[in-house]
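Listed below are the structures to be examined.
Each of the two complexes below includes subunit A, the first together with subunit B, the second together with subunit C.
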Partner chain A sequence: MTALLGLEGVEAAYGESQVLWDIDFAAETGRITALVGSNGAGKTSLMRVISGLLKPTAGRVIFDGADIAKVPAEARVGRGIALVPEGRRLFAGLSVLENLMLGAFSRRERGAEADLARVWQHFPELEGIAGQLAGTLSGGQQQMCAIGRAMMARPRLLLVDEMSLGLAPVIVDRLAATLRDLNRADGTTIVLVEQDVDLALEIADRGYVLDTGRVVMNGAAETLRDDPRVREAYMGMAN
Partner chain B sequence: MTGSRKSLVLALAALAVLAILPFVIGNYWLRVLTSVFMVGVVAQGLNVIVGFAGYHAFGNSAFFGVGAYVVAVTLNAGWPLPLAFVAAGLASAVVAGVFGWPLLRLRGHYFAIASVALNMAFIEVILNLGGVTGGAQGLPLPISPMAPDLLYRIIYFLMLGALVAATAVVWVLSQSRLGYALRALKDSESGAEVMGVDTVRAKITAWAISAAMTGTVGGIWAYWITFIEVSSAFDIGISMRAYIMMLLGGIGTVFGPVAGAFLFQIVATMIWAEFTHIHNLLLGVFLVAVVMLVPNGVLPLLSRAGWRAASARLGGASTRLSHRLFAREER
Partner chain C sequence: MFLQTIVNGLLMGGVYGLATIGFSVVWGVMGIINLAHGAYVMIGAYVAYVLNQWLGLDPFLAMAGAMPVLFVIGYVLQVALLNPVMRTSLLLTLVVTFGIDLILIDTFVQIFSSDVRGVQTAYSGRSLALGPVLIPYVRLAAAVLSVAVATAAYLFLNRTRTGQAILATALDREAARLMGIVPERIYGLTGGLSAAVTGAAGCLASTLFPISPTLGLTFLGAVFVITVLGGIGSVPGVILAGFAYALVQAFASTYLGANYQEIVAFSMFLVVLIVRPQGLFGKRFYGEAAS
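Presenting the complex of A and B:
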């Protein structure tokens, strides 16, 4: 299996404060890869590096065979990378439909209406509130809108940052089902960042464990799920 | 009749009245209305960069001054008047583009201060280019051979035309992909970037449009008063008044700055006429009251169901726009 996304020796910093050290990471084409770790492990920073919002200070970011480390965030969308950011980050002053359409902003091809129909299919409740301002939605509706917005970009690589944060389990199950469907039906490669290690490793094919800015473990999700060291050493969930 | 058609009919009726007015009112009110149109254009310019993009360009008066000096210098060099006005708008847009590249990387109050500093820097440049600009002594413009009454009416119609054109530009912007991108980056710049919006280009374009509007009326103003000097051409008070008008009418709306310009000038004139000695105090109290009671401006308040409905309509219009834009691409 080839990797759609590969990180080689990536390091990143916010000013003087380094947050990522020598990260090697791969997301195989058509697979779901989970990135787990405790709070402050560097998961969101790594997502920012992949999406182009944080420039790496060292290393290479390989997407579809090309080094995109210096490609700006807005150009990465055109290459097929879409982000569902932590905290949803919808445009609060725009309507649900406008948020969704912004997902297709960089697209110059046919089919935005068809993609919209797919979003309604996955999240029918959004269609009824299409004209409502996104800032007035509930947390669950916001996350649906954020995932729908990313779907509108018709991504080859979907980055999902802390999808389950603050949401009811029933909503999380629906969103997880949507991700699985996007992966299986469309072949979308997904990188899923989660603090909920059970959820992440249940959905994913492979997993990476991050601790204080370093990859400390990786392997098949099944293996990691059953590995007590993951919980004991990094999740603080040992029984 | 739909809301947008009603607005159009109202706007056309208002235009018809404004076209007749110069032939029935005296010179005083002619000057007042000309000033309203002028600052209304500056307010529309601010509306583009502040209302749509969220960048508080308090120093937009710099472009007013640039436009004024470009018209003064080019007319003295023998350029035809229409070309001088076009040069004023273009030069201001170029200045915004060049300085926008570094300045628009700043955000919030840092950008606001930087834009004021740009205005101050231009004052120094004009003062030190005395050979071209007249320096501290100012610069006279060629006197028009027209009779004063005719000239003032022409200035009136030039300013009115500029206001109509600026409002039309804002309307087109509100319906365009650029307007859509600006509204997104106003909410979240990094959020817009990961949607594929080239935020740097969008912001620079917005400021250049804003500057072109401001610079053009700066040029018309210079032709109107026939003598310019730095303190009046680069008077930051113009930006401040325009900013208040924009807030008063409704920030980020198409007709808000126009309504704000009229309301502000009418209220200011009435207060001045009745309470000459304390008119500034009373005007200040009025503005504080408006900002506290109607923070989104009076235009949205006047809509039947208030701001929420106005936003929903704006959202609806944008929604229709979204469909149109993307449908157009699909064809």
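Presenting the complex of A and C:
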């Protein structure tokens, strides 16, 4: 299996404060890769590096065979990378429909009607509130809208940062089912950042464990889920 | 006299509102309080004057020439001078825009001198009589065109792909980048469109005000007040606030004397700031750039 995304020796910093050290990471084509770790481990920083919002200070970011480390975020979406950011980051003063259409901005909205139909298919409740301002939605509706907005970009690589944060389990199950469907039916490669380690490793094929800005473990999701160190440190389970 | 005062206020309100749209949108999208904004009104008025003198063009038709000229000026100033400093500090943007304003005013003093000029049309001085109320044709045309251009600006922002990109950038610059929107391009475009709409207001102002290089100073105070009254970044808000501002000015001028119109209008501004700091008409958006 080839890697759609590969990071080699990536380091990153916010000003003087380094947050990532010598990261090697790969997301295989058509697979779901989970990135887990505790608060402050560097998961979101790594997602920002992959999406182009944070420039790495060292290393290479290889996407589809090309080094995109210096490609800005606004150009990466055109190459097929879409991020569902932590906190959803919807445009609160715009409607649900306007938010979704902005997801297709990089494609100049070509064929957006078909993409919109797919979003409605996955999240039918959004269609009924298409004219409602995104800032007035519930947390679950906002996350559906954020995932829908990313779907509108027709990504080859979908980055999902803290999807389950603050949501009811029943909503999280639905969103997880949507990600599985996008992965299996469309072949979308997904990188999933989650504090809910159990959920992440259940959905994913492979996993990486981050601790204080470094990759400390990686392997098949099933193996990681059964690893006593992971169970104790991140799932709150004793050996 | 009461009805005539209302009519006078309403007819002026559209021009004030139109002159404010660009200032308000630039503030809302980029967080820039553009002190050179009044100079755009002045340049629009001079373009109308020159086209009227050289080609005999009606000042209202001159908008078609003024808007592209002002778009280029606004775009170049935004990209070359304001984009590099806009994310540093508010003080720096104030200093830079103040400097641009001085340079533009002095340039026009050099070209046209400080002499006061005016644009006359065949229908200047003629009015439509509705009972006791007189509606000057020039003011009526200016008011109608103001509302028409303001409506076009509103539709552009809310109904076009580029307008949506401008609003998205105003709301969340980083999330906009994730959509494939290049903020620097949007800022240049916003600066250009703002100047173009303001240039149109300048053409209309050329029929109502004496034209001189300091014409913009007459407007700068008004657009600041109207922006705060209407809500930063809100096109309908600033149009309504433009009417409110002009009505207050008209009543103050009629019943207290012309010297009081600014005092009363700015007093209203202070009262609104204290009682309703978000503006009289709320706001469509108020993004990170404006916070």
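In this section, the second predicted complex is superposed on the first by the 229 of 239 C-alpha atoms of A that agree within 3 Å, B and C clash if a C-alpha of one lies under 4 Å from a C-alpha of the other, contacts with A are read in each partner's own complex, and residues count from 1 in each chain.
Criterion: a residue touches a chain if its C-beta (ideal position, glycine included) is under 8 Å from a C-beta of that chain, and two chains touch if they have at least 3 such contacts.
Fair warning: this is a prediction, and the values are worked out from it, not measured in the lab.
Asker: Following the overlay on subunit A, give me a clash-or-fit verdict for subunit B and subunit C.
Answerer: On the shared subunit A, the partners clash.
Asker: Answer with first, second, both or neither: which of subunit B and subunit C does A:113 touch in the superposed model?
Answerer: first
Asker: For A:47, decide between first (touching subunit B), second (touching subunit C), both and neither.
Answerer: Touch status of A:47: no partner.
Asker: Counting residues of subunit A in contact, which comes out ahead: subunit B or subunit C?
Answerer: After superposition, B is the partner touching more of subunit A.
Asker: With both complexes superposed on chain A, which partner does A:133 reach: first (subunit B), second (subunit C), both or neither?
Answerer: first
Asker: Could you tell me if A:201 is touching subunit B, subunit C, both of them or neither one (first, second, both, neither)?
Answerer: Touch partners of A:201: none, neither subunit B nor subunit C.
Asker: Output check: A:158 vs subunit B and subunit C. Expected answer is one of first, second, both, neither. What do you get?
Answerer: Touch status of A:158: no partner.
Asker: After lining up the shared chain so the two structures overlap, which partner does A:97 touch, if you call subunit B first and subunit C second: first, second, both or neither?
Answerer: In the superposed model, A:97 contacts subunit B only, not subunit C.
Asker: A:78 in the overlay: touching subunit B, subunit C, both, or neither? Say first, second, both or neither.
Answerer: A:78: touches subunit B and subunit C.
Asker: Hey, what residues of subunit A end up touching subunit B and subunit C alike?
Answerer: 51-53, 72-74, 77-78, 82-83, 85, 89-94, 98, 101-103, 105-106, 108-109, 149, 153
Asker: Which residues of subunit C touch subunit A in their complex?
Answerer: Its residues touching subunit A are 161, 164-165, 167-168, 171-172, 174-183, 284-287.
Asker: Could you list, by residue number, the parts of subunit A that touch subunit C in their complex?
Answerer: 51-53, 72-75, 77-78, 82-83, 85, 89-94, 98, 101-103, 105-106, 108-109, 149, 153
Asker: Please give the residue numbers of subunit B that touch subunit A in the complex, ascending.
Answerer: Residues 177, 180-181, 183-184, 186-188, 190-199, 311-312, 315-316, 318-319, 322-323, 325-327, 329-330.
Asker: Which residues, counting only subunit A, touch subunit B once they are in their complex?
Answerer: So the residues of subunit A touching subunit B come out as 51-53, 72-74, 77-78, 82-83, 85, 89-95, 97-98, 101-113, 130-131, 133, 149, 153.
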